[in-house]
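Going by the order they are written in, the chains are A, B and C; count residues from 1 in each one.
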Amino acid sequence: MNETARQAAKLCVLGAAAFTTGLANAEHSELLDVLLKNGAINKKQYEELAKGAQEKEEKKDEENVGISLKKGQLVFKSEDDEFKFQVGGRVMLDAAWYDNDDVSRGDADFGNGTEVRRARVFVKGTMWNDWHFKGQYDFAGNETEIKDAYIEYTGLKKAIGFPLAIKMGNFKEPFSLEEVTSSKYITFMERGMPNVFAPSRNLGVQLSTHGEMLSGGWSFAGGAFGTGIDDDAESGIDESYAGAGRLTLAPIANKTQVVHLGGGVEYRILKGDAGDEIRLRERPESHIADHRLVDARFSNTTGNPLEGDLLKYGGEAAMVWGPFSVQGEYIIAEYDIDDGPSPEFEGWYAYTSIFLTGESRSYKAKNGTFSRVKPKGIVGKGGWGAWEIAGRYSYLDLNDDNVEGGRESNWTVGLNWYATPSIRFMANVIFADADLPNGTSDNPNILQVRGQVDF
Amino acid sequence: MNETARQAAKLCVLGAAAFTTGLANAEHSELLDVLLKNGAINKKQYEELAKGAQEKEEKKDEENVGISLKKGQLVFKSEDDEFKFQVGGRVMLDAAWYDNDDVSRGDADFGNGTEVRRARVFVKGTMWNDWHFKGQYDFAGNETEIKDAYIEYTGLKKAIGFPLAIKMGNFKEPFSLEEVTSSKYITFMERGMPNVFAPSRNLGVQLSTHGEMLSGGWSFAGGAFGTGIDDDAESGIDESYAGAGRLTLAPIANKTQVVHLGGGVEYRILKGDAGDEIRLRERPESHIADHRLVDARFSNTTGNPLEGDLLKYGGEAAMVWGPFSVQGEYIIAEYDIDDGPSPEFEGWYAYTSIFLTGESRSYKAKNGTFSRVKPKGIVGKGGWGAWEIAGRYSYLDLNDDNVEGGRESNWTVGLNWYATPSIRFMANVIFADADLPNGTSDNPNILQVRGQVDF
Amino acid sequence: MNETARQAAKLCVLGAAAFTTGLANAEHSELLDVLLKNGAINKKQYEELAKGAQEKEEKKDEENVGISLKKGQLVFKSEDDEFKFQVGGRVMLDAAWYDNDDVSRGDADFGNGTEVRRARVFVKGTMWNDWHFKGQYDFAGNETEIKDAYIEYTGLKKAIGFPLAIKMGNFKEPFSLEEVTSSKYITFMERGMPNVFAPSRNLGVQLSTHGEMLSGGWSFAGGAFGTGIDDDAESGIDESYAGAGRLTLAPIANKTQVVHLGGGVEYRILKGDAGDEIRLRERPESHIADHRLVDARFSNTTGNPLEGDLLKYGGEAAMVWGPFSVQGEYIIAEYDIDDGPSPEFEGWYAYTSIFLTGESRSYKAKNGTFSRVKPKGIVGKGGWGAWEIAGRYSYLDLNDDNVEGGRESNWTVGLNWYATPSIRFMANVIFADADLPNGTSDNPNILQVRGQVDF
């Protein structure tokens, strides 16, 4: 083989390899340059070939879209990451059994049964790099519920030098670690009872930012919010407005070690119609239950349109140390109804979990939430998945200032099996103990199981 | 052209052809080996190029995702088939006209009209080869209904040596050939009246397997089921549980010839509240009809919470012989209500169809159901689609043991035009003949048409 | 470098370039031909390589699917354009404030608030070139509503020589320029009040065609329609049928200049039950408003089943001249109720808009509607988006022949900011002036804002 033929063949291989690795454009240009220099192509051919490459380059936003199915999540990205699109969702399938031996009030039992706890589909994406959107819908119970529906802009970073996102639409108010952590990633099947105070999703506008801190990071989000999608004229607080904010500090945050401290506050002006009342009630950390135990209702005493205000504040702490973790929150809600009661309610929970298979809970310092657990071995690929056991105590007090909503404390033991990063099976045993408004008590024991997949 | 240059060029073409055929990795390695051997590239270049290929290989699960639009179905697959994702759905558009000359009872007429019979969207996928999921939602009638919502695991095959799938969630109980055949593929616009006995979708857990048999195959599925998503506290049987199973035998099953025999059984413990009743009723094989003709309601006589049990069993037979096919089912339902009636109801249907254009009904022995018909010529591509005519007799008897639900027998003539594999137009004429509980009879004649697309 | 080696290398590069530009098949064949001729490959190799290419060609419908994310729209296409698939949607987020100083009737106020105005997801596609389908669902207000659900066939063009589309399903009747223009592209947040007369989506069958005309184009669509998906037995007109048609003429239609003239007509046979009534009512161009101002209800005087007919007709005109545009419509609705009133209602609107940043409203002559505005600069890419100001007067008269529904005229000032082609922010101020049926009047001033994204 003579030298020139060898060179031609070498270029040929380099070119082919370039296409193979998907770096076609850059490598293609280099190849053309070398071939022109070596005289393998002439100037005119060079220009035509280069022009074709250039035109292609300009169309790449629309044409060179890559797809990924990493962990089963279907994501589309343009080559320059300027555009993204994702279609996904989650399905959670529950069954629950209730032991109602101690029912001392006249209610019907909780109702053993099965349900689709969540059946969600979402579409989300990025357009022109800095514009993001999400639409997420839940069809559980054969009903439709808009979950996330928002537009977000992150382009201010270029002008101001630090990350600042503006978000508008329907999304979770920044309040409570367990609330803002996705239901896909929470440790027990249901969030702890103090979650009754979390405002969850409302329509509003929010600013958020984050930064580095020691070997971890901090985050802040604050916004102004109206009411949720269902809070129409009949809801009694259809014209209430709130401001809410949450600050999280994680001086340590890496793959196996996390120290998280945080706090949130919401202040809301209440405004409703005559006869409206405020109602706070919570199931015993089991969603299939037909009825709630604790249940507080109150209004003004004059029959005027409901007015007043509401201040909620809470503290959060969590720590991850290898397979071991602890987490807790304390939340207080102070209502002040004009010409009515001013009750102050409170709740807290604390839990611990350990991965028998050595994984760690995954933390995202950028927004101060917990995230997806990745098992070390995948079931079906020779592994046994990740196994986690956990225990929780939670407490909720809805009695105060002439309002009798009851008090409840629950012990929960949980077992989680993460068969794959996106498929999880859960079992919870709950020992509930409620002192009810009518002077009776109810102490149901509950067994519930879940199969969950997200995609 | 000297020999070495020729060799270089040949390798080059082989390499390019390899990329073209999508077999880049394997061929690429071979090419590199040959080039190294011929001295066209040196050892160092070889290693670098090989390393690039290796790294690419490792990322292929997430990066090398292929898309297919075969027959309009949008499917994504990772190169090694470990991950799959599909987004699809179906739309069925109906119109119906009712001839109510013989109305001898006081009911309003059936109500000529149009409707969207089904408007479904689904996402389904495979993760890590053996984990499958599906979420399917129907929005017909501007209401939301979860259809399939399940997780399935097929990885036991590796351990036990034969296919065994475990499925949990909301899906069809294994019972009745026509019920478990998708509405996209049934021969008439509506399933025959005995379908009133089919349990359809409920929340449960199922094991299924299948195997070969002579020149065909057999299948078995069995599971334990609760109630459906809508069967909440108000439904009267919210805490009922069932076991169900179905066995199918197809000693012959190929593209043009099928012999199918099967049987199913469901045993259900009924448990409801005081005052609940069981209700079985069925439209005259026309869904736009405002009301049903046969309608049986019964309960216990004591006013105690409804309890009892229920046994359903049915036999199935079908045969395909080229363009000609026959199919039939017989189903019996035996209720036993504590302190109440013990009626036994029954129904059956038989039908035949022939493809004027020579196609055959398509059968899947792995689960004993009928599947998509592929016309020999596609409308718009020079063909005329597939044309099928069919006739059915169906009978339903809801009278027994003090329960008077009525008896009905229907003759149906159907014409199906499969314009493409996924677009079908249907017309049915139904001659219904019902003896109603109140001693009267009703004999409406019905014309209904459908346009259907699935994607 | 000798000539043959150079030639081999050149072919090699050409081949590689061909793969790069996605024209692999055609170029590949040419390359093989040349190589065979030059003796670089022998006849047997040629045949094998050609056979591989041929097989690949046959699989291209399913395998060579391209994806595009142009403007954030996710579109899949097979290489020959025979199959297409798109998943998309829109989210519109609104807030409104009402000034109710002049409320002289006893109604509650309009209710300041926020809402998700539209939250839609659609799937649409093309199969075998000439078959098209679309399914579009809206989940706003946590309710499900099927919007488009249709099948369309465009293959008749080949036989008859001009474009003729047949569409069946649920879609917009061809009537009124502003109605058939997508809500994504209308100039104000809500369509003008005369939109109360537009039939919008119903189940039906339609023929449509279009052609060229001077330097623009014309379009015609006509069809037969039943009622909508929600119009069941209770709606009073559940068995009404209509014919509708719309003709548009655009003698000038290019990117910056449009002259549009059009007209539409709908004739509907009304048929309902005894006691049913016709109701026409409209919000003051603000959807968050809890109640409507103008509201006409009428029926027959005998109590017999409602029967009668209805004729609607309207004229449209619009002009675009660079950044400047005007648009107007006049619609008349003539009801004739058997044994009841025969009122004739009317409404009209006219508006003008100007793009401060120089863009033009975009027009599609093929169906006579307005379309997406593409800003010259994109926010986040160094641009400021497109800015548009607009003013509208609209009038609606629902008083006639013993029917007193009221009269209303509104002035609206609008400001639109198109941050990107698919993200738009809108603000409208509305000065409404209504003379109500009860002899009072109401003149609310309204401020409303919207954030919208479509994908």
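By our rule, a residue touches a chain if its C-beta (ideal position, glycine included) is under 8 Å from a C-beta of that chain, and two chains touch if they have at least 3 such contacts.
Remember, predicted model here, so these are calculated numbers, not experimental data.
Subunit A and subunit C touch with mostly distinct residues; of the residue numbers seen at this interface, under half occur in both copies.
Rounded to a multiple of 5, the C-alpha superposition of subunit A onto subunit B involves a rotation of 120 degrees. Centre-to-centre separation between subunit A and subunit C, using Cα means, comes to 34 Å.
Multi-chain contact residues of subunit B (touching two or more other chains) are listed as 2, 5, 8-9, 12, 16, 19, 67, 87, 121, 143-144. If you check the complex, the residues on subunit A that touch subunit C are 2, 4-5, 7-9, 11-12, 15-16, 19, 24, 28, 31-32, 35, 38-41, 45, 49, 52-53, 56, 61-63, 65, 67, 76, 78, 83-85, 87, 121, 123, 125, 127-131, 133, 135, 137, 143-146, 149-151, 153, 155, 168-170, 203-204, 226-227, 229-230, 233, 238-239, 273. The touching residues of subunit C, when paired with subunit A in their complex, are 1-2, 5-6, 8-10, 12-13, 16-17, 19-21, 66-72, 74, 87-89, 91, 93, 95, 108, 111-116, 119, 121, 139-144, 290, 378-381, 419-420, 422-423, 451-453, 455.
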